[in-house]
Structures are given as structure tokens and as C-alpha cells.
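Each of the next two complexes has chain A plus one other chain: chain B in the first, chain C in the second.
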Partner chain A sequence: MVKSTSKDAQDLFRSLRSAYSATPTNLKIIDLYVVFAVFTALIQVAYMALVGSFPFNSFLSGVLSCIGTAVLAVCLRIQVNKENKEFKDLAPERAFADFVLCNLVLHLVIINFLG
Partner chain B sequence: MAALESPQPGTPTAMRNAFGNVLSVLILVLIGVLAFSIRLFSVIKYESVIHEFDPYFNYRVTQFLSKNGIYEFWNWFDDRTWYPLGRVIGGTVYPGLTLTAGTIWWVLNSLNIPLSVETVCVFTAPVFSAFASWATYLLTKEVKGSGAGLAAAALLAMVPSYISRSVAGSYDNEAVAIFALIFTFYLYIKTLNTGSLFYATLNALAYFYMVCSWGGYTFIINLIPMHVLLCIVTGRYSPRLYIAYAPLVVLGTLLAALVPVVGFNAVLTSEHFASFLVFIIIHVVALVYYIKGILSPKMFKVAVTLVVSIGMVVCFIVVAILVALVASSPTGGWSGRSLSLLDPTYASKYIPIIASVSEHQPPTWPSYFMDINVLAFLVPAGIIACFSPLSDASSFVVLYIVMSVYFSGVMVRLMLVLAPAACIMSGIALSQAFDVFTGSIKYQLGASSNSTDDAEDNTSTNNAPKDDASAGKTDKGEEIVKERSSKKGKKKEREPADKPSVKSKIKKKALVLPLEASIVALLLLIMLGAFYVIHCVWAAAEAYSAPSIVLTSQSRDGLHVFDDFRESYAWLSHNTDVDDKVASWWDYGYQTTAMANRTVIVDNNTWNNTHIATVGTAMSSPEKAAWEIFNSLDVKYVLVVFGGLIGYPSDDINKFLWMVRIGGGVFPHIKEADYLRDGQYRIDSEATPTMLNCLMYKLSYYRFVETDGKGYDRVRRTEIGKKNFKLTHFEEVFTSHHWMVRIYKLKPPRNRIRGRTKKLKSKTSSGLSSKSVKKNPWI
Partner chain C sequence: MMNISRSVSLISLFLLPLLSFSFSVDNPTDRRVLVLLDDLSLKSSHSIFFNTLKSRGFDLDFKLAEDSKLALQRYGQYLYDGLIIFAPSTERFGGSLDSKSIADFVDSGRDLILSADTSASDLIRGISTECGVDFDEDSSAMVIDHTSFSVSDVDGDHTLIAAEDLVKSDVILGKTKIEAPVLFRGVAHSLNPTNNLVLKVLSASPSAYSANPSSKLLSAPQLTGSAISLVSVMQARNNARVVISGSLQLFSDRLFRSGVQKAGSPNKYEKSGNEQFVTELSKWVFHERGHLKAGNLVHHRVGETDEPAIYRIKDDLEFSVEIFEWSGKSWEPYVANDVQVQFYMMSPYVLKTLSTDKKGLFHTSFKVPDVYGVFQFKVEYEKLGYTTLSLSKQIPVRPYRHNEYERFIPTAYPYYGACFTTMAGFFVFSFVYLYHK
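Showing the complex of A and B:
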């Protein structure tokens, strides 16, 4: 039972990897960006757990800027992904312009909130 | 619009399309004018003044803002209220309304249009109600097309519930907040329909404006997650949903935290936790859908067990953390007002100060009819229309109406949130009904002129199975209402009439109703629409336009105007020292600071229950104890509102039991039972001695018997219990023309000359204790 489960998991990982390797490079770059942002957020949360959350607005803006960046990048990825039929008529340039605008708003807010 | 769906880009269609667009814009402008002008009754019938209580505070804040600028405003510490505590205005007020009006005033002034701040404040609400009806058009258009949008906008422009909060002069948060609410919902739906990050950004900004404007923003931040959850559960997840929701949560939370009055509450109180929970869930779901997309179905089955179980574990951990957080914070992290939404009996059990406000009470059934009128009957039809076909947008509207119906049942104030939902639903219902009726009329007419026998054959065969539907539709039609003037009605009829010409005949036949039934139904719609319009105009003109600082009454010998409030506030500002403290029940705090510019002890902000309870205790205590309390608060004048002479029902005697309850909640020696005779609240000769000796009774009825010799109270419709008495610690300094406002001054403490004090004391006690005053030692 355990064996078959681990074999299944191995199969799964293999097929996942093979499926993922077919992803276009620009999407992979976005994925890397998302992973990096989430990782930064996790570091900050760990730091908060160790040191304390005293300037709470700083902590909040730090973590939320990371999460926000990740979320926006995921949105961009959804929009520029060729396999998403819903966004066929949305040009990648337009999607990127929206992404930049949204990031601009996000980080203006964060600079304001940082205190 | 029907013409938009046309497959052939023929010139007539394009012409009709352009014509329809121009007509839509024209109608929208007219709706805006209608929304603005129907709210001007208060200015025309009374005058251009700020209304009621809270608007006076907002007006005062706006004055401060326009005089001192935005930075001074954020740091403003107001020492004229809540004496001796004061209040940090910049950090405790929802700044949206004041900033809006301040900006409008600033823009107008820099354009060399010299309007006073007061004028801008008076007309902010009507202007924003025009905006709100345009936002309703946009929202409904996203849901069901522009026909429904126009109908909904016209309905919203004059729905009485909204008028009650946005007549000219009603300068309150709700005036701009309803616009912000509808506009936020519109942008959410727009993002959901287009999947554009641009609209998601705008959505977050609109949400920010809503957070700035009104505490009701928690409705948005709970409703949208619920809709997202609904979509996920019913298997309607799409990447557009992710784009509409995830950026909104992150940006919206940050933006909400920027507003000082919300601050860290945006992440710390449990009103907001639902959004974070759904935020996590949508990520799990998005990941599942993504993996499903890239894997083969067989491998996906394997993956499901792994990924979903891991996801569930993560969710459970987060839920556990949230529950722990909620449990560890006081009152479970929920603020009192929100708790009373979930448990309607919460406020009356624990917080008399919330329960004492009449707009926090549950509404009665007639108030539904008064406030949304025939829309109440149209809403079910609109819900049915939303289910055919059910889209993401229409499911959102359905959820919106269901939630707002629940909340309006809890708190009468939230009827205001229900009104836009009811208008949208009714707009959809009306538009669909018109589509069906005019479509079938057009078809019948066309069919009879073209090929008579063929068409009749068709209709007769069609009518047999359609009988049920037509009967149902006609029934609905009888309740359904046409809301606009005949001019707009014509346009409305033309619009769906386009439809049959461009749609396939087969589809159209399914909608065919008998000609006579359609015509009758249309007439009924128009007739009942006229009824709605008449009701709305009546509500705007008669019921909701009174500014409540100026009262009028119509009697046989003409119109009487009672301007006592302003008379007495003017008296205060002219005859008292600028630093004198005035005590009154909290209802009149805002007006006293704004109109008389005097320091008050408590006001309508009600943030400090103990302080209010102190004033309540003073009002319910005998004269001497009350004098001591007031003297310890540095009070110079006491203001009471008394309606017994002219029959003004919302005076202090009628509010008195709340003073007792609130006072007794903090100071247990005040017991409600002492003021009631056999559970009845009365002020006639049957009243309890505690009642007849309390300060409120004395201040209200002092010298009252001199007016008519009997002391007949026209509000309570009885003769007062104790008629001739003297005040020992207070002296009357001002009574307004109709006795509505009475101002008393605290007598200074007596000189401590032994013999004199003794003499006075004995006199005082005899004066107080003698119930039937035959021999008054003071005369």
C-alpha cells in the first residue's frame, strides 16, 4: 500500500515535471518570480515569529507587498498563458501594462503605509 | 441592446444602434436630473439647511477641513466635545464624506465659483445620488443588459429608502457610501466579466473610497468572499474569478489599513477574516485547476488525493489559527454592531446604547412597503429572471439581495443597503417583462399582417403549451410596475421591439403571448409604475424632507413653524461664555457644538458609554445629586428638549427610559423599576416619586402649569403628576418660544454661612418632600 502510494507519487512527480517542462520560458520566469515573492514573504513571517511584530505596519506592508506581488504575477501569468482560451483577445502587452499599473498602485500604497 | 446582437452589420442596424446609444445617454442624464431634483423638496419646502444630528458634525468637520487644510484635519484634537476627555477627530471619523465635500468646495472655489461650505454640504447628497443611479445602470448592464440597467437606474433614482438618507441637507456618510457601494460592486462584476487587471485595480480603489466613507464597507468585504465561495462550490471557478478576487483582497486590505479609523482592524478583527479565508481557498482551488490543466486525467486522479488532502490540511491549520485568534481577542473579535447583525438580540441584551438608537431597531413590515414600495413584489420576479440563465454576475446579484434582505431585517438602517439590490432586481424583472410583452405584441401584429393563416396556425399551436407560462407571466405582470413617464416608456417598448426583427423566428415564438394579455399586462405595468412614482414623490415631499431642526405643522389657521432649536442654540452662542460647558442628552451634542459652538459633555458619537451613563444618571437623579454630578463635570448649563406644550413626540421625556437604562448599566443605584409604575412609564399623578423627583422631570415641567393652568402634556396626553414645584439648584435662564428647548443654569454653590445654609436646607427639604404643594415656602 505504502509502496504503491510512493510509486504513484513518483509517477506523479515525473509527469508533473514533464508537463511543466513544456511550459513556455516566459511563464517559467513568472513562476520563478512568484516563488521568490512567496519565499520572501515566508522569511518575513518567520522573522516576525522570532523577533516580534512591533512596527506592525512595517511587517504588514512587507508581507503584503510580497503577497501582492505574487498575486499580481499570478494574474499576469493567467492572462498571458496561451492555453487560457478566455484571454485569447487580450494582448500580452495590454496584460503587462495592467500588471505594471496595478503594481504601481500597490507599491504606492505600501510606501504610504510603511510609515 | 438587441441591436448589438445583430449578426448583419447593415446600415439600418448600425443606425439603430447609434440611435439607441444616444437615447440611452439622454435617458441617463434625465435620470440623473430626476435623482437630483426629487431630493430638493427639503430645500424648497423648508430652506437650504443641514438636517438632523450627525450631518451637523460632518458639516463642522468640513468647515474645519476647508479652513485649516488636510494635515490639520488628520491631527485635529477636538476639545469642544466629550468634555473633559476630548476627541481625536482625525483618527475616529470616516473621512470620505468630508474629504469629498471639501474637495468639491475647493475645486469650485478655485474655479472662482464662490459657494459657501454649507451649500456644498447641502447638495453633496443629491449629486451623489445621481452618481449612484448611474452606477446602478452600469452594474445592472453588466448583469442583464442595458434595458434592465436603465430601468434599475430609474428605480434607484427615486427609491424612498435611499431618498430618506440623501435629501438635500442630509449630509451623512450614507450619502456618498451608497454610490461607493454600488460602484464597487459594478467594478467587481466588470472585473469578473472581463478578467482585466485594470478593472481589478479600479475595484480596489473604489473599495478604498467605500472604506473611507462608511462602516458598512464590511458588507462588501464579506459579500464578495461569499460570492467567490459560492462560485467555487458550484463549480464555476474561472481564472477571471481569481483576477477579480485575489488582488482585491491584498490591495483592499492595505488600502483599508490606510484609513486611520480602520487601521489595523483591517487585519485584526474577524469581520475581515472571511476574506482571508476565502483568499486561501481560492489559491488552493486555483492550484488544483492548474494542475488539472497540465496533467492527464489519470494522473490527475492520483494528484487529487495528494494535493487536495494537503490543501485541506493547510486550510484546517489556518482555520484553527483564526479560531484561536478570534477566541483570544475580547468580544471574540467582533464589534458590537456587527455582533448585533448576526444575533439580533445581542444589542438589546448587552449594549443599551446601540439598542437605544431608533435606526438600530429591527424594522416593521409597513416600513418595507414605505421604503421600497412595489419593488418588494418585483424582487422575486427579478430573482427568477436572474436564474435564466445563471451567470457569475447574476448569481452575485442574487446573493446580494438575499444577504441584504437578511440584514435589513435586523437593523432598519440597513434597509439602505437593500434598496439598491431591490432596484436592480426590479429593473431586471421589468425589463424582462417588457421584453416578453412587447415582443409578443410585435410578433402578433407582424404575423397578422404578413401571412394570416400561417401565423395563426403557429400561434394557436404555440399557445396551447404556453398557456401556463402566459398565465404566470400575466399574473406577474399585474404586480409588475412600470416606473417611468410615458416618454421613457415609449423608448422601452421600442427597444425590445427591435429584438424580434433580428432574432430567429423559432426563438421568438417561444416568447409569444396572446395579444390582448400582453396589452393588458403592459397597461397594468404602466399604471402600477405611475403608482410607484406617486408614492416616491409623496415620500420625498412629505415623509423624508423634514430637516428636524425646523418643524412645521399644518393646522386650521395655517402653517406653524417651530424654529425653537436654532433659536435656543443662537441664544447659547450669544449669551454664554465661549468656554462654558453645556450638558444635554447625547442626541443634541453635535448640534450644540456645531450651531452654538459650546463645549458639550457627550455627543452622538457615543464612543464612551461611561460618560453617557454619567449624564444619564444625572438626569435620572434628584436635583441635588444631579447638581453634584454636573458640577463635578464643570457644567454651566443644562439643556433639555421638551415637547409637551406643542406635542413634539421625540423629546427628552420620551427618551428618558433610555437614560435610566444606560445610566443604570454603569451606576447600579439607578434602577429602571423605580421609574415605572406596574411596568408602565407614566408621568401623571400615578407616577412613582422617584420619577416625579428626578431632574429630567423637573427641568421639563418646571413652570409648565403656568401655561394653561392644568399642566396638560400633549405628547403623553395626560395631566402631569406634580405641578407646582421650585428648583433649588438650577435656575431657568431660557425657554424657547414654543417651550421646545429649555436651558437651565446651575446655581453657584451657596456661601457656607452656617445659619443661612441651615435655614435654606430646611426649606429645601420641605419644598421637595411636600407632594401636594399647597403652601410653597418660596412664594
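Showing the complex of A and C:
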């Protein structure tokens, strides 16, 4: 077993970064959007741990709106990825239209559940 | 026909004040008392007791227990409010009177003083068994006490007992403490343990036992020690009161007037405690004392005066009830610090002790619990010697209406913010995604 060093870790990150830089820009935008949504959800969970779960419906709608957004964005990413042969018959415009529709439904539900 | 009915109603109008003078809700003291004697000489030998009753306004009707015209009722109406049975040896009452009609008399809320004595008849035993009191089965047995007998007991068989173990209750025996021992010569009884309405007022000392004083004691006596009750009282659930004494002599002039000195005690009293004991006990049994009435049960929201038809959960409410005590002549404000109200649905959700303004008004305030349903305000007051109070008033409690909740909760602002941020994020993302490059 080769002893792992910090240099190995650096090599790993470097190779990951170089591989990721090859990713198309539209997928990178989606990734950024997912990170934003998950981060917002984490902030709310931390806040709930701090102040207690009193308006629990509000907490749920806040967190679920973030999680739902992230899930829908990941779905969009799977569908518009050129390397994914599963959805090669699906036009990216159709995928984006689905994404927008689902988001509208999600936020309609969230607003109703919020207060 | 019209004339007849008019004259009947006129007559009843005149009779009404006379009728309402008797036992009633507003005037609970008994007025008409039937005294059953097995010997008319008791009228003179127990004259002090009867005269104190007469002087307190009772209308005593003396009858022999065998009188063939005895009746408690006429035309379905009771003729008497109280009954004194001083006929320990009577095997059968005359007229329509029997054990059952006496039980019915008590069941109708009327009061009874029953005195047995040695060789009490089965009839008297039967009536007392109905009241939860069992007399010693041996008809020749008496209460014997070789340590707390009265020194005036000349026979030397120690059956004249100087008893001091009185129940500690101001309402039954009056506020003035009975200093002198109570003289007692008679038969022992025990209380039925399954009857929780009956209690000992005068109990024997631990050294007492029940046996035939004239024969040799062959086996251990059945009734011993302070399990022996000399005088017991029972207050039924309908507030009828019953006094059962094992001694008829307890009420006699001779023991009222006799001095008392308990054996082995240096204290010598000019007069026994009998008169005070019997007088106070008769005041209690004929509802001259310890009779409560409650009413005017009022509740409303804090800051309002009208009684609402329904409460909402978490409402603040004020509750009050008026309790008065009958003093024998008038209703006086009842003062106590142990009256409680329950806010009750299957079990009490709120149990609050009421505070009193010393004018008869008991009040408290509390918050309706966070539970909705049909509740009751309940005042269940059972105190030794007092009549039982049981009031309840039903009131429904509803949950919040949907528009009674807070619209915006400050704690939830971060969640609102997160929702609108993700919406804005979605908008920005769509824009960037569609128009990049």
C-alpha cells in the first residue's frame, strides 16, 4: 500500500479540476445554481436548530423550496447533458420547459404552505 | 265548578306560608320531629334533651312505638322532617311503620336519631345495619372498660364509661370544646368498612371490649379497643343525617346532670359532657349547622361581564360561585380556603383553589387549556360534617379559527426570505442559462 501524502491529494484535486474545466458552461451554471440552493437549505436548518421548530410549516416550506429547486436543477442537468445517451432524443428546449413548469408548480405549493 | 276551584286555590294560598315554614331548600333546619318511645316514662327521664329541642323551635310529636296509628306519610307527603327512635326493645312498630319505611324516610333527605341499648331488638339492629352500623351480635353484651370507667359506677362492673375520644370536627360537635368526658352505658357497634359515609363520633378507648358483664368471659371478645364505636353518624349522599347511639342513657337527665371523674384521673367535673355533646350533635343532625348551599355559578372572559356561549382555547376566564352556610336562622357567608373548581372533560384539565372575599363569593381566574371539546365547570365539595356540594355547568371550547392565527411570525422571516430568494434565484438562473455566451 502506497503511503498517501498531501501531494497525492493535490494531484487528485488538480485532475478533478482539469476534468471539470472540460464541462460545458451551461452545466457549470446549473451546478452553481444547485450549490446555491443547497447552501440556502443548510442555513435554514442551522437557523431552525438555533431558534427551535416553532413555525414548522414555514421551516418546511423554506427548506423544501431549496431542496426541490436543487432536485429539479439536477434533473435538468441530467437531461441536457450531451454525454448522457439516455435522453438523446429529448430536445434541451423541451427539458428546460419541463424545468420551468415544475418550478412554477413547486413554488405555488411552497407559497401556500408558507404561512 | 269555577267557584270551587277558586276557593281551593284561595285556601292553598293561605296554606302556602304554613307549608313553606317546614323543611325546605331555603330553610334546611327540621321543624316537625316524631319521637318514638317504647315507654312514655322516657319523656320525663330524658326531659332535658327534649326540652332543649323544644326551646330551639322543634315541634316534637311523642308517640309510643307500638301506637297503631303511626304513620310517617299522609297522602304521599311526609308529616315529619326528623325522627327520633328511643325504642331499643321494640320488635315491631305499630301502624304502617317498618324498617323499609324508615329507610325511605332517610332516602327522602330527612334525618334520624336512633338509639339502641342492651338487648336491642332485631328491628333496631336492622335499621342501623342499613346505615352501615353493626351492633354486637350478642344481645346481652355491653361495652366494658376497666381503665376509663367513671368512678361513679357503683356496680363495679365498669360498664359506665367515661369516653373522651371525640371526632375532631367543629362542625359536628360545635366550636366549644367538650371538656368533660361523656358518660356512656350501652352496647358496642362497629362500622361497616364498605360504607364510607358513616363515621365514629365517639369511640371507645383502646382498653374497651364488648362482652356480657355478668358472665365469665370464655372466649376473646369480638369487638375490642378503638374499633368499638359508641356513637356514630352517617351523612347520606342526599345529605340526610343519621345519628346512631349504642346507649339510650347517654341522652338521659341522670347522665346529663351527673358529675364525672374518670378512673385514674385527678380531674373531677361537676357535670358530664353529655348535655353539650348531645345538644351539639342534635344541632348537626337536624341541619342547624354544617348545611351549605351553593349557587350563582358565574363565568366570563377576563374584562367582560356576560357569560359567553363558547370559549376559545387559551382564553383567560374568571369563575365565581357563591357558597352560604345555614346558621340555624339565616344564611351566612361560608368562609374556607379549600373550595376547588375543576375544568373537566373526562378528567380535570384545570384544578384551581378558589379564593374567597369572606362575603360568600368564591372566585378564581385561569386560562382555558389548549384542548377543545365540551368541558364542565365542576365544584365538588365534600368536607367532613358539611353537606356535599356538587355543581356543574357545561361549556364548549373551540379551537382557533383559521383567521385567528398570526399572519406573519417574526421567527419565520428567514424561511420567508429563503422561499423568495430561491424564486429570485430561479428567475436569475433561467435568464443566465438562456442567454449565456
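Note that the second predicted complex is superposed on the first by the 111 of 115 C-alpha atoms of A that agree within 3 Å, B and C clash if a C-alpha of one lies under 4 Å from a C-alpha of the other, contacts with A are read in each partner's own complex, and residues count from 1 in each chain.
Simple rule for what comes next: contacts are C-beta pairs under 8 Å (C-beta built on N, C-alpha and C of every residue); 3 or more make two chains touch, one makes a residue touch a chain.
What you see is a predicted model, and the numbers here were worked out from it, not measured in a lab.
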{"item": "Chain B versus chain C as contact partner of A:61, first or second or both or neither", "value": "both"}
{"item": "Partner chain(s) touched by A:90 [first = chain B, second = chain C, both, neither]", "value": "first"}
{"item": "Contacts of A:11 with chain B and chain C, given as first, second, both or neither", "value": "first"}
{"item": "Touched partner set for A:110, first chain B, second chain C, both or neither", "value": "both"}
{"item": "Which of chain B and chain C A:102 touches, first, second, both or neither", "value": "first"}
{"item": "First (chain B), second (chain C), both or neither touched by A:78", "value": "first"}
{"item": "Contacts of A:38 with chain B and chain C, given as first, second, both or neither", "value": "neither"}
{"item": "Partner chain in contact with A:27 - chain B first, chain C second, else both or neither", "value": "neither"}
{"item": "If touched residues of chain A are counted for chain B and for chain C, the larger one", "value": "B"}
{"item": "Footprint overlap on chain A, where chain B in one structure and chain C in the other make contact", "value": "61, 110"}
{"item": "List of chain A residues in touch with chain C within their complex", "value": "25-26, 29-30, 33, 36-37, 40-41, 43-44, 47, 51, 54-55, 58-59, 61-63, 65-66, 69, 73, 96, 100, 103, 107, 110-111, 114-115"}
{"item": "Complex contacts: residues of chain B adjacent to chain A", "value": "195-198, 200-201, 204-205, 238-240, 242-243, 246-247, 250-251, 253-255, 257-258, 264, 267, 286, 291, 293-296, 299, 302-303, 306"}
{"item": "Interface residues, chain A side, partner chain B - complex", "value": "8-9, 11-12, 15-16, 19-20, 22-23, 56-57, 60-61, 64, 67-68, 71-72, 74-76, 78-79, 83-84, 86-87, 90, 95, 98-99, 101-102, 105-106, 109-110, 112-113"}
{"item": "Of all residues in chain C, those that touch chain A in their complex", "value": "407-409, 411-412, 414-416, 418-419, 421-423, 425-426, 429-430, 432-434, 436-437"}
